[in-house]
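So, here's a batch of structures to check.
The following pair of complexes shares a single chain, chain A, combined with chain B in the former and chain C in the latter.
This part shows the complex of A and B:
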């Protein structure tokens, strides 16, 4: 097997183990609610319902789904079997809609918002950070404190401020939602324009905060590299500055890619809360609704999906990293 | 220790952050002495704009938002500090054990650390918070602390395992020092500056985590925190009502606190880690 192939297999094993633990936590933690969760949940959600037949039907649905009359091990097996067949249970809040259906409708919105926002923010942030480290002087004195301040603003804080300034006061952008609510989703130009207009503010608030954090990291890495011996040596050799900058950028970039892998979980979490501020129809907003309605199946569906997505993103970044970092290949060669 | 403190005072970044934080702490300690009202008492109509009597107006229940903000900052700082202590201590213990002992224990602890770095901590935070019925601000802080230690553990492990084979540690071993004594006197002093910095960062991220989880509606009960103020503002549609004073001051307070902590951290970083000075 090739060196890179071995690296993939090893990584895959670790991510699989992590996935198993994530799934186990997702199963175990909500079942630690004291007492009989089903009767507790059903009594909470049926408050105000008078039709005793419906209440009974609801109760029985969840009794079967949770299977709490069985031992914990058997419950876990049922849970796994349902997972594999794509069955995440029935939502309490939107009874009798299955959780998978709700999540499937939300996923495109969340991915469409977060993936471009995080990538764009990451790229711009790295370029700005490198420039700040390289140019120094006024440029660094301005970019660095601004980046530091933007980075310490939580995602949702910036989202709230932008919502107030650009949507409420200036009326430039719509207040909430993913598209105009009178519209029916079609493949028309108007619908697309409406989606884009709703997309702008949440997108920008994620991008700005991401730029801040990434610029700080890249600035630090670049300064570290600029102080290293090979830069001095290259300068003494008379190599052009632009070429040295390229060396420095490439070397400083590698830890930034690992940094992206490590911080992607936090970023996704922050962006999910961003969605809530704009009532964007993604996973974050559904989770907000689910928590308010104590909709446990939907909550655990959301957390499972988020964990899965973050693991997948990490795995992808690791694969790319193994491909571009010569040190990893070298380490694998030595092992052989 | 004394001399490093003297250097710290000379760092403008550190002093700027520290002064901002101290001013904030001074405000939340002194203001309640003058205004002895209960922050949860309803004293005005809903969403009254700021005026000379109500510095930041009132919220949807007609409560004094400035007073709420003061108490909110207090809770958020407390939660952040407690979470920071828990996260740093757990990370330190795991990192030291895995870095110093090495072998199988190192492999096991490193694997656990790596797994919990990848699983997003706020997912675990949500799952635990949903499952716990009565959450005080202390419980919330502890939950945040026990979900955010892996970063510290990883860094402490890396430094410890490189220190372990240094000469002075070997000499201590040959001299028959006990393991706890070696760790205390030969390893800890070398990573102390890092641990302090990690604690500052963990506190900042603890405050952010509390705000995020409270925004979701999973915050502590029977208290006011900055995240809870923003949750109320969102749930009761303050933005639509145009009541900026219900959420912007809380949002900016969080940014100021975390900014001052980050500034302190950057200042320390430049002093203890001369390589990154530009």
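This part shows the complex of A and C:
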């Protein structure tokens, strides 16, 4: 096997180990939250019932049905066994809906909101940062403080302000949800338009924050690269400025690519606040609901999804980075 | 006209500080260089030798600015050319450069051959890729560099190798003048020797027609150069042949500088190793009279008045108001 192949196998092993630990924590942590999910559900179901015997029977039925009457170790083994077959269990809160089904319905909303927003924000942010570093002058004096300002506002504040101004006061956009509740999701033009209208405000809020962070990072990196010796040397050998700009921005982009891959990886987890503020029907909102209801399988399912996405993103970075930056590749080889 | 390949007349270049002060690091420098000759420029750190090297390239990057004077290469005053003309017709072709920090002079994410391709695209667009590759391989082989280097990234090369690669790249267009700014400073003795050998073979083969070699390592100058210029506080204080400058200096500064050689050459054994007391003057406000006066042990009252002009004695130029014969008498007395 080649040195690089060995490197990948070793990396893969470490990521797998991390995943195993993550799965264990995903299982354990929700169950350590104070409270009993069954009594919460039962007390809701048996409202108005007076027969304590019936209530007790309902309670015990659910206890057995959810499998939380067994010792924790046995529960974990069952969880693992189900996991291997791709079964994430049944939701407590939406019983008897399987967790996988809930996740499958939520993931498209999260990705549909986050992925375009991150990509657009990343692209605009990097272009602005690079131009600010290259042009300097007035452009830089305006872009940089604005980016810094936007980047410093906590996201939930920004989201709430946007919601207040554009949805509540100006009434340009709907206040919450992924589409009008009166509508039934179909492949109609009207439904699509509704989705788009609901999509705009959360989308813009993420784009704005992403632009701020990316522009600052790209500006710093570009200034650093512009001052490096190879820029001067290339100029003195008569290479035209546009070509040198290409050298500079390619090198300045390298850390930004890591940033992009990471934010795509953390997209599922990072969507929490945005989705809660805008009541968007994605993973974040579901996880929020699950935690409130002590819905163990759904919490574990959401966190597993988040852990998988982050690890996958990191592994991908490790793979492509060696390919685009020879210095990293050399360092990776040396580790062997 | 003479066979002068490079003629510099009254060159003044300055750094503009944040307070808009003009600091003249090269203050009225004039010299000429004949075809086939090597000129050494020596001096302490901060005497303006690296600034002179950059200034000779005709490109000025803030905070360095062009003041006045002319730089004539092969009959053309390059300071009269437009920026684009200079880049396309002079940089790398007529006059080329080896930077002080050659270690970082190469773009870390570009293979050597691709950098050479970019240079050729600017200066020899008629060549196709195959021709460029053949030409580069042939040149590297001629210079005893493995053509394998061409397909390496800069970080895969050792320090000495990188320096020699930079030299080969800088001279690939057979420039008339090569400016080498401390090309050996960061290298061990073995690599230094290889670099010197390489520079000499470039001259012998006619790949370059003349060499300006800037260093603070004086023994090296004796080996490499025909003539030596000693600079102090932005001015030339003395010019003569390497032989004259080392064994028969006129100016007290040259005398002191040569006395500070750490590795004495044959014939210099027994010379006492001496440091020059004090530091060069602040170029922001140069003192009236001789700029070396404060540190000169032979200082006279008249030294501190007016402007000290260059004197000529035969083929030598020096900047001191005391007669050479008198100075030599003083030196002889001191040695006893």
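The rule is short, and it goes like this: the second predicted complex is superposed on the first by the 245 of 336 C-alpha atoms of A that agree within 3 Å, B and C clash if a C-alpha of one lies under 4 Å from a C-alpha of the other, contacts with A are read in each partner's own complex, and residues count from 1 in each chain.
Going forward, contacts are C-beta pairs under 8 Å (C-beta built on N, C-alpha and C of every residue); 3 or more make two chains touch, one makes a residue touch a chain.
Being a predicted model, the structure only gives us computed values, none of them experimental.
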Contacts of A:151 with chain B and chain C, given as first, second, both or neither: first
First (chain B), second (chain C), both or neither touched by A:233: second
Contacts of A:250 with chain B and chain C, given as first, second, both or neither: second
Which superposed partner A:325 touches (first chain B, second chain C, both, neither): second
When both partners are placed on the shared chain, which of chain B and chain C touches more of chain A: B
Set of chain A residues, in rising order, touched by both chain B and chain C: none
Chain B residues within the chain A interface of the complex: 111, 114-115, 117-124, 126-128, 130-131, 133, 204, 208, 211-212, 215-218, 230, 234-235, 239-240, 242, 244, 247-248, 251-252, 254-255, 258-259, 261-263, 266, 275-278
Complex contacts: residues of chain C adjacent to chain A: 57, 59, 61, 87-88, 90-93, 96-97, 99, 101, 104-110, 115, 118-119, 122-123, 153, 155-156, 166, 169-170
Parts of chain A lying in touch with chain B, wherever the complex brings them together: 14-15, 17-18, 21-22, 25-26, 29-34, 133, 136, 140, 148-149, 151-154, 156-157, 160-161, 163-164, 168, 175, 220, 223-224, 227, 262, 265-266, 268-270, 273, 276-277, 287-288, 291-292, 296, 299-300, 303, 306-307, 310-311, 314
Sites on chain A touched by chain C in the complex: 228-230, 232-240, 243, 247, 250-251, 254, 324-327, 330
